[in-house]
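Listed next: structures, encoded as structure tokens.
Below, chain A partners chain B and then partners chain C, in two separate complexes.
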Partner chain A sequence: MRVRQQVWLWLAQRVSAAVLAVCIVVHLVTMIYAVRGGLSAAEILARTQGNYAWFAFYTVFVLAVSIHAPIGLRTVLAETLGWRGVVVNMLTLALGITSALAGMRAVLGVFS
Partner chain B sequence: MEKRAVDAARLSPRLKPEARQTSQTNSLSVRVWRGAEEGAYQTYEVPRLEAQTVLDVVTYIQRVIDPSVSYRFSCRVGVCGSCAMNVNGQARWTCRTHVEKVAADGRLEIAPLSNLPVIKDLVTNMEQFFDKWARARGRFNGALTRNDDFARVMPDSPKRQQVDAGIECIGCGVCYSACDVVQWNPDYLGPAALNRAWTLHNDVRDISHVERLAAVSGDAGCHACHTHTSCSERCPKQISPTIGIAGLKRAVLAAAIDGES
Partner chain C sequence: MKNDFRARNHPAWWAFAVHRLSGVLLALFLPVHFWSLGQALQGAAALDSVLQWTALPIVKFGETGIVLLLAAHMTGGIRLLMIELLPWRDWQKTLLALAAGVSIAIGLVFALNVF
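And then the complex of A and B:
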């Protein structure tokens, strides 16, 4: 991987971390608020179905996770196990794509 | 035994003869690494003296007890940086480390610097350490010749202030030994080389800024730093390579946005 690409990966991880910091706070506050009267699928769906604001929020959340986690995992694998190179890059890229697809499937599931 | 006492006195010229006698109140138990990458600690009993440095202890062992112990030193006063070792688990200049500061219980463990190949006992091969300075383009490259007038750099200019903050590095390797990232990622340039790159990046006379930023970027460069700040904590010159590395990250980002690298 070229140095320029490594720098952009580093930047993407920092930016996604900043986005995640906000998303996680909103997510946790919402969870604490939502479970006050007991947690039910009906209550969650009532909040999210057809709500474009929550759809946009969780779309951003999922994409930020899908960018942040694989880049971090790539570094963890390199520094703890010494795994470096094309195979690890492809594996972590696949993890990111899988996370994004699975996450967006869940977001769409509670939206529609 | 008599010879050892005489030699111990000779090795502590700062003390008056009577003080040498009275200060030797007990002894130190000193574990010293013997061997290369494979080896073991060997324990020596060394007389405890006033104002004794760890380098004094190693010197005593080598000159009085066991001449086969290998170690490296030169100036003995914190100028050359060649006597750095791990003392009780922390990288230090042994010449500027008083025994009383690190061995309150009378025990010392002295090992070669970490993250460098061990040649023998306390001597490391620092080739990779200095090769990384070269890889980080740690060499000044100016445009002026001897026929040009002196460049004028204002001492209070922000860039010169940044240079001042890091320029006193003497390449002792303490930061490199203390760095976790060097341990995990052998290609990582390390704090000293990156600090050097940062001082040159702020040198207004240098004309290789773009090439240097490219050289210190990416997985083996400044972007690999986890900001553990061990280098800044351990630096005997109170330099903060962490600040320089953060500065390099910002400079690389600015250059990338400008399309320069």
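And then the complex of A and C:
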């Protein structure tokens, strides 16, 4: 991969990390609040169904993690296992797209 | 040059190892997380059939572990961003201890609320 593309991946990883830091703080607080007294579909859906603020938040969260995780995995595969090249690039790109689709499916699931 | 244990017996190497391991484990957890929440598309009953597992102590223990991984990856990541993007200051050396302390505290708060 050319240097210019590597720099873009590095930047995308850092920008998505900064977005995720904010999202994870919100997620941790929500989780710690939500698990009190056990989890139930009714309680979760009461919070998320038809709520555009949560929908927007989880959309940003899913897209940021779908950028962040595949780039991170690509780096780990290259540095730890020595797997580099077009196949690994395409595989991690496919993972990112799959993650975005599966994540948005979950977001729509709790919104609709 | 031989990269023996001395290069690894350092807090910064452990921070690297924790960041890498937690990142991979969180990436593996993500499909399970998305799939289970996606059950809501089949209705509240379908989501509840997955959520009932979360009442088991072993699952609560696992969730606490995942929260700890998430907190460790987040605090470790914030440490990396501060080291990479801010001018170097001596106080950044203490970020390692701060990241470890904050992530353990988050894990404990979650455990106290989930059990």
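We take it that the second predicted complex is superposed on the first by the 111 of 112 C-alpha atoms of A that agree within 3 Å, B and C clash if a C-alpha of one lies under 4 Å from a C-alpha of the other, contacts with A are read in each partner's own complex, and residues count from 1 in each chain.
Criterion: a contact is a pair of C-beta atoms (placed from the backbone, for glycine too) under 8 Å apart; a residue touches a chain by one contact, two chains touch by 3 or more.
In this text the structure is predicted, and so the values were computed from the model without any measurement.
> Should A:A56 be classified as contacting the first partner (chain B), the second (chain C), both, or neither?
So A:A56 meets neither chain B nor chain C here.
> Of the two partner chains, chain B (first) and chain C (second), which one does A:V15 touch, if any: first, second, both, or neither?
In the superposed model, A:V15 contacts neither chain B nor chain C.
> Thinking of the overlay built on chain A, is A:V7 touched by chain B (first), by chain C (second), by both, or by neither?
first
> For A:T80, decide between first (touching chain B), second (touching chain C), both and neither.
In the superposed model, A:T80 contacts both chain B and chain C.
> Per the contact definition in the header, classify A:V65: touching chain B only (first), chain C only (second), both, or neither.
Touch status of A:V65: second partner only.
> Quick check for you: in the superposed arrangement, does A:L93 touch first (chain B), second (chain C), both or neither?
After superposition on chain A, A:L93 lies in contact with neither partner.
> Quick one: chain B or chain C, who's touching more of chain A?
C
> Touching chain B and also chain C: which chain A residues?
80
> Quick one: in the complex, what on chain A touches chain C?
Its residues touching chain C are 14, 17-18, 20-21, 24-25, 27-28, 31-33, 35-36, 38-42, 44-45, 65, 69, 72-73, 76, 80, 99, 102-103, 105-106, 108-110, 112.
> Write out the stretch or stretches of chain A touching chain B in their complex.
1, 3-4, 6-8, 10-11, 75, 78-80
> What part of chain B is in contact with chain A in the complex they form?
So the residues of chain B in touch with chain A come to 181, 184-185, 214, 217-219, 221, 223-224, 249, 252-253, 256, 261.
> Residue numbers of chain C touching chain A in their complex, please.
Against chain A, the touching part of chain C is residues 20, 23-24, 26-27, 30-31, 33-35, 37-41, 44-45, 47-48, 51, 54-55, 63, 67, 70-71, 74, 77-78, 80-81, 84-85, 106, 109-110, 113-114.
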